[in-house]
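There are two complexes below, and they share chain A, which is joined by chain B in the first and by chain C in the second.
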Partner chain A sequence: MGCQNMTGFVDLYSEGGTFLHRIDARVKIVAVLFLSVLAFLLSNVYSLTLLLAFIFILLFLARASLSRTWFALRFVIRFMVLIVVLWPIFDPSGTPVWATFGPVKITEPAVWRGVTSAVRVGCLACVWYILMFTTSQRDLVRALVKMGLRFDFGLALAISLRFLPTFSATIDSIKDAERARGMELDKGSLLKRSRNYVAILVPTIVSALRSADTLSLALHSRAYGARADRTYLREPKMRRQDAAALSVVIALLVVPVFFKFVLGVPL
Partner chain B sequence: MESQAESEPSPVASPEPAKFVSPKTVALYGILAALTAAITIASYLPFSPTKGYFNLGDSMVFFSALAFGCRAGAICGGVGSAAADVLLGAGVYAPVTLVAKGGEGFVAGLISRSGRGKNWAVVLGIAAGGALMITTYFMAEWLFLDVGFGKALAEVPINVAQVALGGTIGAGLTHLIRKSYPSLLKG
Partner chain C sequence: MIPCPTADEGPIAAMRNVDFSYDDGTEALHSVTLDVWRGEHIALVGGNGSGKTTIAKLLNGLLRPSRGHVLVKGNDAAKESVAALSRTVGYAFQNPDHQLFCSTVAEEVLFGPKNLGFADAKAVEKADRALSLMSIGHLKDKAPLSLSLGDRRRVSVASVIAMDPEVLVLDEPSTGLDAGEAAELMRALDGLNQEGKTIILITHEMRLVAEHSERVLVMAHGHVVLDCRTRVAFSEPEALHESGLIPPAAIQLAHRLSDFGVSPEVLTVDELAEEVAKVWGARI
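So, the complex of A and B:
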């Protein structure tokens, strides 16, 4: 599935009929929050690995293709490797000592702490994509507004998500135009490349601000803000399966917390 | 909102005053957040082979803050940068970015506005906002994400370069666009 087009812009959501696509977006937002909290509360490398596996199962059930799952991991894998490598170097505590390089001691507990932290970061990075792969922008914004976001800010968020691909395309065509005039964006030092980039930023910003003007006229002409309470054509309703999913999500957080903090199981 | 309505003595006949920001502001904030995200994503690519995390998103955060004030800087910087993080596959950073870049935009806008946009105020605002951003990322990575002191420290030089370049470009952009297209910046 070509989820990445030439602008580098990635459309994360894809249509689908899995149960993760169908359940209420609010439940999915709560699930992402709770699983993130759970990742912070767990401190045992095995239970964290189990959580990571669970997140991958959910991604698999959401019919995320391999390329999409790789996208969710692409950035964070290097990050995880760096954590594992750098952690023991800065943390000389504990025994047994595995190796000594001058002032640097590599100890076994430090290595395990690094691995634990890396797995936790992996969980926190991937859990987002359960929501992003299965929820359309419209549902996401509507759910956030239903959860208490002011609807004018919700509208601003919806506008920004709507215009993101448009501006990516604008930037692309401006880049092409500048390249046709002989500008090199991929060569030279960081400083030179950044300075060349200004030639792209200025026309992009000017055209974007012009579209903001047009957009505000469009909002005006549709009587935005004419009445204080916003009405909706479709009200999202919690159905029975949403309530069931929500209770599962709550159990996912409460049960490990109970075992860890009440029964003292080292999770 | 509900608690306010309860505390008001006569809510009966008086029509509730519209509590939204104006359509112009909604459109502007949406567009600026989209622009921040788009530029972060687009500028991430040409720099990616050499510098990993480096991007020019900060220039847009500073531009929003300097041209349209601290609220625009906070909302557009925070939301736009966080959205870019999710879309680049770095979702683990998104909550931290929301706070760090939002704070950066807020402080830069606040200081430059209270100094009436004079040069020293702009420089001070960018420096203070940038320092806040770098500190937030460092503290969040070290204490909150718990990635280890070494990894958190390794990020600091990249962030410093990002603020230095982003701040220069952002201030320059504000100056250029204010000079050439003054009508566009009347927020």
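So, the complex of A and C:
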């Protein structure tokens, strides 16, 4: 049960044939970086909302399923609500003052700053979500290696991603083993319960280290590291539509930067 | 031990029309109904993926039925935690590496009895008995996961025996043991059965079934397809063949020799030898 959820949690990728799925992963990585930079550069709540709307259109074009999106982003939404609520409480600057509760002063600009930050967080989360959900982990790692990441780091990254579900399955099986031998995991005082969870964590880490050991044997026994230069079965190639997408992405960053910093438009 | 179901005592564990599906939708069991009586020595057999492990996990609450009921000592298991059920139904996992998590064998075997609330002296006594039953007393201070597969398997079985449950469910306990070790393990289980423990042995080794179990439950594709005395099960090898099970050599040979007057109802090599000697003696 837990295992399934965890698997969904660690690998957001869902197969699909949309334009956003097919586009070169390197372009997508650049796009995500650019859009993230843009989200930080924009400080006007309207332009940020426009950016969020644009990202929602992308989500729609990628045919993101509503339930999966909700599942992946529900923590982000809670976080956004928290920002809107807490920002004005801790930021008393500016006028007009809307309300005063003892030492706490709620001002209009502070509320807007809270909303702006929340929208920014939403933009960032959605942009990265689109990348994870339209790109398989394998393509992602391959793109990073093509972009200059050392191959062994890429492999390490791929393996860690691959082992996350295994790791959570290990946690489940250790829990089962302990419950089957009379351990009440969720009973007792808070202290006792946290001790119970340490009793799960330690064997899980030991088991992870053991499997890392086995894994390195398995890699070496299949001639990993025998040659410094490797060949690849599939070489990612930039196609015409990838180049087109890349220029759109560049424009997306350059145009607002030009307006904001050269022309002084308050974006 | 031959079970003696009495009117006032129902089955010690039972399943009633149990369906079970895993989260990914795999339907592992279809309407499984079975009774386990106190003191029985049952073999649960069937091809890979037929649902044996699923049944074992349902009996001790690690899995909960999608439909139907699991009864332990007459009570609905749905109302009880795994920890509470483990007092009655002990389960030795199919993969010992999924079961072992302590840093020494002694701790591993003590873990269960301590959780069940036995006083220290009593818990140590139970643990020591389990260790000696599995002849692994000398491994007490070793790290469980550093042992050989055979020893890991025995630690995992010992850790369940130490909890002294009335029903012992052992998921392929002889896998990875050499013939001598397997025979020793089976002797230990038979001893516990003599003392009144109920044994449910999941295994692919038909020879162990023929020699040790008095009742066989055959699974195929999530259904119980045969539930009868061992002797009866092996006297009709067709039903077994359909489930992908092949009787041990002694029984096959007895069937081949039945035309010559050898009884096909033998189970062990000793019984076959006796039968053959009888027929042979009559001939001379």
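Points to keep in mind about this one:
Simple rule for what comes next: the second predicted complex is superposed on the first by the 250 of 267 C-alpha atoms of A that agree within 3 Å, B and C clash if a C-alpha of one lies under 4 Å from a C-alpha of the other, contacts with A are read in each partner's own complex, and residues count from 1 in each chain.
Note that a residue touches a chain if its C-beta (ideal position, glycine included) is under 8 Å from a C-beta of that chain, and two chains touch if they have at least 3 such contacts.
Because the structure is a prediction, the values reported are computed rather than measured.
Model built by superposing both complexes on chain A: chain B and chain C fit together without a clash. Contacts of A:Trp87 after superposition on the shared chain: chain B is touched, whereas chain C is not.
When the two structures are aligned on the shared chain, A:Gly114 is found in touch with chain B, with no touch to chain C.
In the superposition on chain A, A:Ser247 makes contact with neither chain B nor chain C.
Using CA centres, the angle subtended at chain A by chain B and chain C is 70 degrees, rounded to a multiple of 10.
By the touch criterion defined above, A:Arg181 lies against chain C but remains apart from chain B after alignment on the C-alpha atoms of chain A. Once chain A of one complex is fitted onto chain A of the other, the partner contacts of A:Asn44 are absent, as it touches neither chain B nor chain C.
When both complexes are overlaid on chain A, the residue A:Thr100 reaches neither chain B nor chain C. With both structures placed on the common chain, the touch criterion links A:Ser65 to neither chain B nor chain C.
Once chain A of one complex is fitted onto chain A of the other, the partner contacts of A:Leu191 are limited to chain B, with no touch recorded for chain C. Of the two partner chains placed around the shared chain by superposition, chain B is the only one that A:Gly225 touches, whereas chain C remains out of contact. Measuring only between alpha carbons, the smallest separation of chain B from chain C in this overlay is 5 Å. Residues common to the contacts of chain A with chain B and with chain C across the two structures: 202, 206, 210.
In the complex of the two chains, the chain B residues touching chain A come out as 15-24, 26-35, 37-39, 41-47, 50-52, 54, 56, 59-60, 63, 75, 79-80, 83, 86-92, 94, 145-151, 154, 161, 165, 169, 172-173, 176-177, 181, 184-185. Those residues of chain A that touch chain B in the shared complex are 7-10, 12, 71-76, 78-79, 82-83, 86-87, 89-91, 113-114, 117, 120-121, 124-129, 132, 150-153, 155-164, 166-168, 170-172, 175, 185-186, 190-191, 193-194, 197-198, 200-202, 204-206, 208-213, 215-216, 219-220, 224-225, 227-229.
Contacts from chain A toward chain C in the complex involve residues 1, 3-4, 173-174, 176-184, 199, 202-203, 206-207, 210. For chain C in complex with chain A, the residues that touch the partner chain are 23-24, 60, 62, 81-83, 86-87, 90-91, 93, 97-102, 111-112, 115-116, 145, 159-160, 163.
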